[in-house]
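Structures given as C-alpha cells follow.
You will see chain A twice below: alongside chain B first, and alongside chain C after that.
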Partner chain A sequence: MSEAELQQVKFPPEILDRIAPDISLKRHFAIGVRPNLRNFTEFKPIEIANSSQLQESNNNVISSSIIKSGSTTIINTITLGIIENINPNEEKKKKFTTIYPNVEILRGRSGAPTDEEMILSQNLYETIYKSKIIPSESLKINNLGISINNEEEEEKEKDAKQEILYPDLNSNEWQYINLSNQYNKSYSFILLSSIKVYSKSQSTNSLFDLCYLSIINCLKNLKLPRCYINESNLLSTKISIRSRKSNVRGLINTNNNKLNLNLDLNRTEKIKLNLTDGLISSNYGVVDIIKKEKESESENENENENENEKNNEKNKLIETILLCDLEGEAEETSILSRLTVITNKKGTMNKISLINGDLNSEITFDILKKAIEISQKRSLQQGV
Partner chain B sequence: MSDRRRLTGPANLIKPNIPEIVSNIDNKNQENTNSTSSIPSFFIKHAIINNANGSAYLEINNTIIEVSIFGPRPIRGSFIERGSLSVECKFLNHIIQPMQDSEPSKTGMSNIEHRLSSYLESCILPCILLEKYPKSTIDIQVSIISIDKSMVNSKSNSSLLWLMNWIVICTSIALIDSKIEIKDVISSGQIKLTRNGKIKIGIEDDEVEECIDALISFMNLRNDEIVGIWLEGNQSNLTESEMSLIIDECNKMSKIIRANMNSYLINNI
Partner chain C sequence: MAFQVKTSILSNSDGSAELIIGGTKVLVSISGPIEPKIRQELPNQASLDIIIRPYKGLSTTREKLLEDKLRQLLQSIIIRYKYPRQLIQIVVQFLIIDEIEEFTCNELNAAINCCYFALIDADLALYSSFVSVVACINSGNLLLNPPGDILINSDSHHVICYNIENQKANKLLFLESDGEFTEETLFTILAKTVSEAETLHQEQRKIIQAKIENDYIWK
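Presenting the complex of A and B:
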C-alpha cells in the first residue's frame, strides 16, 4: 500500500498573479524585478500614431489620436456638438470649459459602463476642466455664416448653387442680408470625445495617463470648422404638434438641423488653447519591499521561537519604494498607495492626486519629491 | 432620457448637421477596383488583444474591423449541454452608420448592428462544435473602427454586404486564434448580379439599374457547405439558373479569399 502523498501544486506566474497577487508581488520583488519585468522606475513605452485617416474618412470627426502602449491601444475621436448660450452673462463667468469624454474598455461583455469606465471619464472631464486648458471663448462660434441659394443664376436646376456668406469674410454682401432672430442667438461648440480602449493590461491609473495623453494630443491638432445657418431654415416656421407616439411634452426641439458645419478645410481655424508644452501624466505606486534579511548574529538554540521571530522582524530591512506606471493584476490589486502627477515643460504642475491607501507603506515627503522629479524629467523628454 | 452613466454633454446639446460632400477622389479609387473586377488586397493580423481568447484585425481600403473572442467561459446557473454563443457587432461611436435615419442610441445595438450580428451568428453557429463546450459561453465582439467613406452616403446594399463579408472573414481568423474547435474556416463571397446577367465585385454606388446583391458564406473545405445567404434587391424574378450563377460566383470569390487566408495561417500561426 503506497501512502497517499500530498503533491505540491505549482502555478505558472500569470496564474499566481491572479490567485495570490500579494505573494506573487513579494516573490518578484525578492529577486529585484516587477511582475511585468520592468525596473522600478521604468515607464512603459508609448507610441503615438500620427495618422489622420479617421478624420479624413469621417466627416464628423474633427480630431483623432491613436496611442499604443504595449498591446494596449487607445482610439480617441473628437466630434462636435453645439450648444446655445441662453444666458450670455452667466456664460461669461465661466472662463474655462472642458471636454466630454466617454471611455469604453473592451472587456468581452456588453451593457452598462463599468465603474472603471465611469471613473475614468469623470476624472478626465474634471482634470481638463480644472487645469484650465480650454478657454470658453475659444469654443464660441463667432462668425456664424448664412447659406444663400443663388436662385437667379440657376433657376431651373433643382439644387441651386449654394453660397455661404460670413460676416467677416464677405462684409460687402453682408450688409444686404436681413438677419432674423435666429441669427442673433449665441452658440458655442462642445467637444465630445469617445475613447475606446483595446487590450487593457494597465492599471486604471496608467489608463488615465494614456487617455489624458490622447486627449491632449487630439486637442493639439484640433481645428474648428465654420458654422452656418441655411437661409431657408431662417424663414420657415415650425409648429410643434404633440404626437401620440412621443412622450415629449411642450416644445419639440425646433433647432434641429439648423446649424451646419462647413467642412471646407481652408476655412477651419485652429483652436486657441491654454496649453503648455510637454504635458504628461505619470502615475506611481508606493510599496514596501523587504531588502535582504541580515544574518542573525547569534544563533542561540536556547532562545525560544517567539524571540526568534522578533529578531527576524528586526533584521528585515524594509524600504519604501516608488513604482512607475503600474501594470498587471498583481500590482493593480495589491498596491494601494498611489500617486498621479501631471507636469509640463515649464516645470509647473497641473495636477497631483494622492491616495494613501496602504497604511504600511505611506507616501512620505521624500517619495512625493522623488515622484515629482521623475515626472518633470519625463515631461522634458516625452511630453506632448 | 438622459444617460446618467456617461458624459454625453449638456442637456440642450444640438447635433450640427454635416452636409454631404461629393468627393471626386473617392469615386476614382472605386473605379480602379471595379475595372480590374478583382478583390482589393487586404491586411490581416491575429492575436492583437491580450485579454481576449482570440482576436483578429482586418484592413481593406478604408474598412477596418477588429474582432475579439472571449471564451469559452463558464456560465453561472444551471447546466447546459452545449455552449451558447453570443455575437455583437458594433460601430465605434464616431461612425455615422449607413442607412440610419434616426439617431442611434448609445445603449444597445442599432438596427444595422442587429442585422450584421444576426448574419454573423447564423454563419458561425453551424461551424463551431458547441457540444464540446458544455456549461460555457463564447462571446464574439466585433468592432468596426472605420468604414469606406462611400459607404456612409450610399443607399445601396452592396456596401453593407461588402462590410459583412469582411466581418465574417475577420471573425474566422479570430476563431482560429481562439483555438475553439470548429468544423471549417468560413469565408464568403459577395457579388452583384445585374439584370442583364453581368457579375460585379466590390462596392459601387453609381449603379442605378436594378440588380441583386448577394453575399454567400461557405465552408470551402467541407464540401462547400453554405452557412449563410444574404440577398438584397428585387428577388421576385430570380430564376434557378440565376441563383446557381450567384452561388458559383460567390464560391469562386470565397475560394480566392480562403486561399489567401490559408497562406496567411500557414505562414503566421
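Presenting the complex of A and C:
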C-alpha cells in the first residue's frame, strides 16, 4: 500500500496576511509584535507638508494640505462655491455649518464611489457639523463689492480698466452708487473639500483620522476672498447711465448675474472659526491575546493528563490589549472592537464612536478611559 | 419614554416590526436566512444586507453611513455562524422623523430598537438582547430622547446601545457621541443610561411576552 503524503504548504507572511488574517494576527501577537511592527500603543507617524504650492498654482484652490503617513498620502484641496440664502430666517436657525468633503481612495480603477468612500465623506461632513467648528456667519458674504469701469482711464487706454469698490473699503465712492435688487440678495460661501488618498495602507478608521486632520489643517490656513458683482448687473447704478456713451462695455461684462471672486491675495480675509487647538482624531482596536505564563508550575511529572490539561488552561492568560492606529489587512479584518476619539487641548472631546464588534474582546469602561487618556496626551503633543 | 410596537405586520417577510419612539416612526422588515448572491456569500457565516430608506426621497450617503453603523452593531449580535452561506436582509424604512438632515441619532436609536423586535419576530438567533438609548446634554442638563429642535442646540448628544444579559445592562455594545463634552460628562451619562436601558428592557420583555402569547393562541 502506498501512502499518500500530505505536504505542508508554507506561505510567506504577506500572503498568510491575505488568506488567513486571523491566524496571521494571532501568530504575530504570540511573538509579541503587531503585523506592522509598531508597539501596541504606538501611533503611526504623520508628516504634514508645509507648502502652499497648490494654492499658488491653482486659482480656484483656496486652501490645501498634504499629509503623509507611511506610504499613504492624502492631498486635500478646498475650493469655494457660492449659494444664495433664499430663506434668511431659516438660515438663522442653523448657527453652524459644515464642509462638503469628497473622499476618493485611488486604487487605479475608475467607477462609482465605493461604500467606504461615501461613508468616510459623510462621516467627516457630520463630524465637522456637530463639532460646531464653522459658524454660518463666518461664511456669509458681507461687503459685496461692485466692479466699475473707470471711464477716465478708458479714454487713455483701449481696454477699459476695472476698479472694484467695496462698501467698507471705499466708503467715499460708495455713497454715489445706487444699489439694485441684485445687490440686496444675501450670499454665502460653501466649502468643498476634495480629498484624494493615494496608496492606502491604513484601516478605514485610520483614514478617517488622517482626513479629519487634513480638513482641520486646511481650515486653519483658510482665507476667504472678497466677492464682487459686475456693474452691468446693476441696472440702476449711476455708472450704468454713463455707459450709454460706450457700446464696448456690454461686451466686456458678459457674465450676467454672476458673482466674481477677487483673487487679489492682499484682499483676502482669514475665516473666523470656532476652532479649539490640538484637535486630533485617534483610533483604537481592542483584541484578546493569549499569553502563556507561569510555566514553572507544572513541575510534577507524575500528575495525570487531565490535570495537566487543566493546568494548561490556567496557564493560558488572556490579556485584553488596546492597539492604536489600526493598519494593514490582518488588523482591519480581524479586529472588530473599535474606537475613535476626537480630543483637543482643552481636555474636552468632540466625538467618540465605539463599537464592540467582537464579543470576546470587549471594550470595557476601563479601556475606554485608557483610550481617552492616550488621545488627550496625543492632543497635547501632536494636535494641530 | 415608551415604545409603541407592532410586530409581524408585513405578511411577506420573515419578520417585521413597526416602532414609534418619541417623534420617530420606523418600519423594519427582515428576510432571512435566504439564498445570497454569489458575491455576498460567506463560507462560514451569514452575510448581512442592510438597506435604509429615508422617510422621503431616495437614500443618499447619509443613509449609507447609518447602514454602516447598524451593520457594525448587528453583525456582532446575530449568531451568524448558525447560518453559513446564507443572507439576512434587513430593510429599515423610516416613516416619520424628528430631526434635521445633519442629525441621525434619533433615527439610529429607533432603527436599533426596532431591529430588536424584528429580529425576534424573524426567529433569528441572537447572542443577547440589546437596547438603545439616546441622550443629549442641553445647557448642562441630561435629557433622554430629545426632540429634534432641542437636539440642534444641544451641547452634545449620544446614542448608547447596551447588551442585556440576565436583565442587566452590563456591556456597552455601541456608543456614538458627538458635540463637545468632557470625560466626566460621558461617564455620568453612561452611568445614568444604564438604569434607563434596564427599564426599557422590562418593557421589551412585556411586549415580547404579549407577542408570544398572541402568536401561540391556538395552543
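Please note the rule applied: the second predicted complex is superposed on the first by the 328 of 384 C-alpha atoms of A that agree within 3 Å, B and C clash if a C-alpha of one lies under 4 Å from a C-alpha of the other, contacts with A are read in each partner's own complex, and residues count from 1 in each chain.
Keep in mind that, in the parts below, a residue touches a chain if its C-beta (ideal position, glycine included) is under 8 Å from a C-beta of that chain, and two chains touch if they have at least 3 such contacts.
Model, not experiment: these values are computed from the prediction.
In the superposed pair of complexes, A:20 makes contact with neither chain B nor chain C.
Within the superposed three-chain model, A:321 lies out of touch with both chain B and chain C [touch as defined at top]. Contacts of A:77 after superposition: chain B is touched, whereas chain C is not reached.
When the two complexes are overlaid on their common chain A, residue A:353 makes contact with chain C while staying clear of chain B. By the touch criterion defined above, A:48 reaches neither chain B nor chain C. Touch criterion met: A:118 reaches chain B and chain C at once. Comparing chain C and chain B on the residues of chain A they touch gives the larger count to B.
When the two complexes are overlaid on their common chain A, residue A:260 makes contact with chain B while staying clear of chain C. Contacts of A:380 after superposition on the shared chain: neither chain B nor chain C is touched. When both complexes are overlaid on chain A, the residue A:362 reaches chain C alone and has no touch with chain B. For the contact definition in use here, the residues of chain A common to its chain B contact set and its chain C contact set are 118, 121-122, 125. The part of chain B that touches chain A in the complex is made up of residues 5-10, 12-19, 21, 48-52, 55, 62, 66, 68, 70-71, 73, 88, 92-96, 107, 139, 141, 143, 145-149, 152. Those residues of chain C that touch chain A in the complex are listed here as 61-62, 64-65, 68-69, 72-73, 75-76, 100, 102-104, 127, 152, 157, 163, 171-183, 186-187, 190.
Only residues 53-54, 56-61, 71, 73, 75, 77, 79-84, 86, 100-102, 104, 106-110, 112-113, 118, 121-122, 125, 190, 192, 194, 196, 198-201, 227, 253, 255-263 of chain A touch chain B when the two sit together in their complex.
Listing the residues of chain A that touch chain C in their complex gives 93-94, 98, 115, 118-119, 121-123, 125-127, 129-132, 336, 347-359, 362-363, 365, 368-369, 372.
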